[in-house]
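Common to both upcoming complexes is subunit A, partnered first by subunit B, then by subunit C.
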Partner chain A sequence: MGRFILRRLVAMIAVLFAISVVTFSIFNVIPNGDPALRLAGRNQSPDQISAIRRTWGFDKPLYVQYAKTMEKVFTGDLISYANQVDVDREIIQDVPRTFSLAIGAALMWMAFAVAIGLYTAVKAGQFSDRFLTVLALIGISMPVFWIGALMNYYLGFKWKIFPNGGYVPLTENPIDWAYHMILPWTALSLLFIGVYSRVLRSNVLDTINDDYVRTARAKGLSERQVLIRHVLRNSLIPIVTLWGLDFAAVIGGGAILTEKVFDLQGVGQYAADSVGQLDIPPVLAIVMFGAFFVVLLNTVVDIVYAALDPRIRLS
Partner chain B sequence: MATEPATELTFGDPGVLAAEDARDRVAGLGPWRLALRRLKRNKVALAFGALFVLIVLLCLAAPLYADHVAHTDPFKNHLTDQINVGGKLTDVVAPDGIPIGPTWHGRFFLGADGNGRDIAVRLLYGGRTSLLIGAGAAIGTILLSILLGTIAGYFRGWPDTIVSRSLDILWAFPPLLLGLALGTALALGGLKIGPISIAGDSKLIPILIISVVQVPYMARPLRGQVLALREKEFVEAARSQGASSLQIMFSEILPNLVSTIVVFFPLMVVNAIGLEAALSFLGAGVRPPNPSWGTILGEGISRIVTAPHQTIVPGLMLVLTVLSLNVFGDGVRDAFDPRAKVRVDR
Partner chain C sequence: MTPTPPILEVRDLAVSFATDDGVVQAVDGVSFDLRAGEVLAVVGESGCGKSVTAMTLLGLTRSSNARFSGTAQYGDTELIGASEEQLRKIRGAEIAMVFQDAMAALNPVQRVGKQIAEQILAHEDTSDADARDRCIELLERVGIPRARERVDNYPHEFSGGMRQRVMIALALSCDPRILIADEPTTALDVTIQAQILERFRELREQTNAALVLVTHDLGVVADIADRVVVMYAGRIVEQGTLDEIFYDPRHPYTWGLLGSIARMDRPRPKRLPTIAGLPPSLANRPTGCHLRPRCPHEFAECVKIPPLEARGESIPTHPSTAEHTDRCWLSTEQKVALREFAPGEIGLGTKAAAS
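Let's look at the complex of A and B:
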């Protein structure tokens, strides 16, 4: 087991290294990616451009630039090309917002998905099942930025039921924090509620006729006890795996659209704005940050699986 | 409980279709005939498939609608025009900048946007772009995935290591960020690979980007399937008859991947359409003033306070398209393999 974990950790570092190289290359190898030209703006003299090139170190070979930039990512000295702001400080400011969104939404979609998935499985084939199935499919089919914008406009701006954007730190006022986050949480959750409740429903239907469930019924457990203690427990395993991976994906850039629509100023929005300005340092740092969570949770899921099922370790 | 009789709404209950097959005598039917039979029975999936075809036909008919009904084109401004609504002359765009809402008549059927352009016309033309990008990117993803999956799964060893590790990297990349980065970088300078050069505002750029971003989700399952297929007796038989690797790949392996590809295709198109909309919304997909559902929606959201219809209408169109393809794709999947659990991450 120790060797398995070590192997996974080494693979994880290798993937992160490769991702940093790819991100760096996208902006440097691709035509018109010269950062000096962008920093100089339009209609600049060649002298100015070469001066910029020298002060920022763009005249050095690419691998030296890469090493320098990566060193700064880890020491926290990374400076944005676009507005000369300290990138790490900016990210640290944005992190609580992104985490507020991701954690709250993840809890919300899991709770609703379990409730709806279990209910539709029990009522399989009846009207309520079909109705909720249609709703789930609509939820899956809605672009998050569209439903988010509509919610923000109607519920926030026009009818003033919820605040129209904005963010209150949790430490400042927990109730206000939740009140401001309800709309973003809901918008982000809809898709996942749809997907998860459908997966859970089919998992429950697959296990509900298994022998061990029949045994549980035969020994006199009530239907509720059978469902919660035996059926749900086994049906939840694949969902929890998905949950870990999707949570990582939301932190690692999946929340860009939601943050942008509700103007939450989170990490994803910072990344999107920086990409728009072709500002490499923040993009590099945020991609590393996001990929770190994706790779970390993938590794954790693998390790947990291997701990549960020794056969996986061998392959 | 799991084997309710199939009624008008079978969104793929596991077991329902299999039970029906057990009841009818289907022994001896090939997998394609069997799948077609099951799909024909799934009326909901067929209805939504028909809805999708209708949307495609409407979008294809965009020039007809523009010329003969709306009398305009997707780029023409009518900022200073007035039209007759219910016997009253109305500004297309009011002096305070608020565009006209849906008139439910030939001209400005769904209203105008902030530049006085006909939304219905732009929507149909935008649909052509979005659907083209969706289908193009899905085909691109599939071709790339077949190539990578077959090479990795068939040859194993170092080709497999290279392909699988590259897919790992691509997979760990936040997909939206990768698309955004590629989109922004390529939109500036276009793409030049040797003699091929693509302009920055070409539709090929979003197609290429989305194809690449989606590859891991398809190449990984295909690789697994090829790994299993290469050990089968019929592959061994072909090998012992002296068939080359290339022959085996084309005549023995590829035909066995087709049903997986058919199942994945609608879901890939759905994801590609969604990604196009998201990228265009963020300004890294289709370049305005070219219409696509994403750009129209993006323009709409930025003006939602003055003209909410500009957001609602393109969004509904997108939802309807994605929904119809989702339900139809679900039906196709159930028809091929009632117990399959295909899930395409997004």
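Let's look at the complex of A and C:
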């Protein structure tokens, strides 16, 4: 276990290094990527630009620039080229919003997916199964920017059932926080509920015919105990992997569309805005931030997986 | 055998499944009695309906495409028509099952102790600690060394034989009156098989439980059974005591089964005799006697279904009990004469000569 975590830690450093190099390089090869142009602002003269090049070190070789930028990432001195704001402060401001969205949505989609997946598997072939299957397919097919905008317009703006975007910190008012988050959570969860409930349904249908489920019935357990303790427990194991990876993507700022549609001003939205301005420092920092969660949750998934299935040994 | 009243009376049990290929008649008119302390072997080729018969007794074959008829009277309860709740109380507590492949039949992600305790807790109002103590005791009783530590192991941490012992410990945990073992030793090598059979024997002596042993291994049957039911294509074709079936088999199918065993005590045949042909598809069985297409002794009468009845009274040289019944139109004299020429060496003659 200790060795396993150590190895993953080393792998994490390697992954973060590789990702930072790739991200940094991309911005130096794309047209119009020159950071001096961003810093110089609108009314720029060639003299200004070359002065900026010197002071910011853009005239140095790329690897020196990379090393300097990375140093700033770790010391927290990273400054946005587009508006000279401290990147770390900006991210720290955005993180609670992204975390609120990701954690809430992940719990929501898992809970609904388990309930719907199990129900449709038990009712397989019946009307309720088919009905929910169609609903799941609709959920999978609806893009977030569309359903999110609809929800915002009707539920938020027109009928005023929910607030029309915005964010209230959890520490300030938990009820208001949840009230503001319900629409984003729902919009983000719909797709995942659709996918996960379908996967779980087929897992349950596979498991329900396993010999040990028959044994469980032969023991005299109630159908409910058989389903929860034996069928669901074993059907959930593959879902955990899926869940960990999707959660990692969302918490690392991957729910860009949802954040944008509901104007949550989270990390994803910040990343998207920064990419639009070809602003390397925030993009670099957020990419590393996201990659960190992906690697971290991968490791967590492996550990949880081994805990759920004793046949798997971490090595 | 002591004429105690049967604890389980199965009458005209029929099970069919509606499938894409038509209606599969898995079990067709099966009747037998089971008495306390008795070992009843149900033998036959794969797919003859023996496992379905066993599982149907506990309602484990119930599904939306299954149809049942007939009765299985256990005490005051008729098992075939019983509600799920009635059956739930009987399953594991009064009638327990040992399945063939213990690796698949035990939950891979649950500790074995927990799997056994779960059954105890499902039927008895007792504490977790008490259930655990009983698990350890049970594991010791079926011969698992260091049971106190092994109780917390997972199924994959046991060897095949030990896993089957866990299965048996599980089945015994509530002192059932009937133990149904579905090919309990098929996946095991012969030494382990002998040990497992020894456990069954001990058990029956200790608890006077009845054992229904579903198997296609006639060696196991010879070792442990009191009475034998021979099934073919969903029907019982012959039924009798162990000696009657092994030393005085009446049905050509039984001759075939007995003839196709490799025997140490006879000169080795050039080729091990087999029963020619394959069992019929249960979705499309021949009319009349189901063995007809494979039977060398077929004659005009065989297009009608022969009843399962005692036919032995007529010849004084081969007396048998009223319970020795078979489904074949041949006369007993013909059978006695014909089986002498059946392929393979059937354990014919008197019991004394063979033993």
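The rule is short, and it goes like this: the second predicted complex is superposed on the first by the 293 of 315 C-alpha atoms of A that agree within 3 Å, B and C clash if a C-alpha of one lies under 4 Å from a C-alpha of the other, contacts with A are read in each partner's own complex, and residues count from 1 in each chain.
Just so it is clear, a residue touches a chain if its C-beta (ideal position, glycine included) is under 8 Å from a C-beta of that chain, and two chains touch if they have at least 3 such contacts.
Everything quoted here is computed from the prediction, not taken from an experiment.
Once the two complexes are overlaid through subunit A, subunit B and subunit C fit side by side, free of any clash as defined at the top of the document. Of the two partner chains placed by the overlay, only subunit C lies in contact with A:218; subunit B stays clear of it. When the two complexes are overlaid on their common chain A, residue A:84 makes contact with neither subunit B nor subunit C. Of the two partner chains placed around the shared chain by superposition, neither subunit B nor subunit C is touched by A:45. Counted by residues of subunit A touched, the larger count belongs to B, out of subunit B and subunit C.
In the superposition on chain A, A:254 contacts subunit B only, with no contact to subunit C.
Taking the Cα centre of subunit A as vertex, the centres of subunit B and subunit C in the superposed model span 80°, given to the nearest 10.
Contact with subunit B, but none with subunit C, is seen for A:298 once the two complexes are overlaid on the shared chain.
Within the superposed three-chain model, A:75 lies out of touch with both subunit B and subunit C [touch as defined at top]. Superposing the two structures on chain A brings subunit B to within 5 Å of subunit C, judged by their nearest Cα atoms. Only residues 1-2, 4-5, 7, 9, 11-15, 165, 168-169, 172-177, 180-182, 184-186, 188-192, 270, 274, 277-278, 281-284, 297, 301, 304-305, 308, 311-312, 315, 318-319, 322-323, 326-327, 341, 343, 345-346 of subunit B touch subunit A when the two sit together in their complex. The touching residues of subunit A, when paired with subunit C in their complex, are 210-212, 214-223, 225, 229-230, 233-234, 237, 308-311.
Subunit A makes touch with subunit B in their complex at residues 11, 14-16, 18-19, 22-23, 26-27, 30-33, 122, 124-125, 130, 133, 137-138, 140-143, 145-147, 149-150, 153, 157, 191, 195, 199, 202, 205-206, 208-209, 245, 249, 252-254, 256-257, 260-261, 271-272, 275-276, 278, 283, 286-287, 290-291, 294-295, 298. Across the interface of their complex, subunit A is touched by residues 55, 58, 60, 84, 88-93, 96-97, 99, 101, 104-110, 118-119, 122-123, 154, 156, 170 of subunit C.
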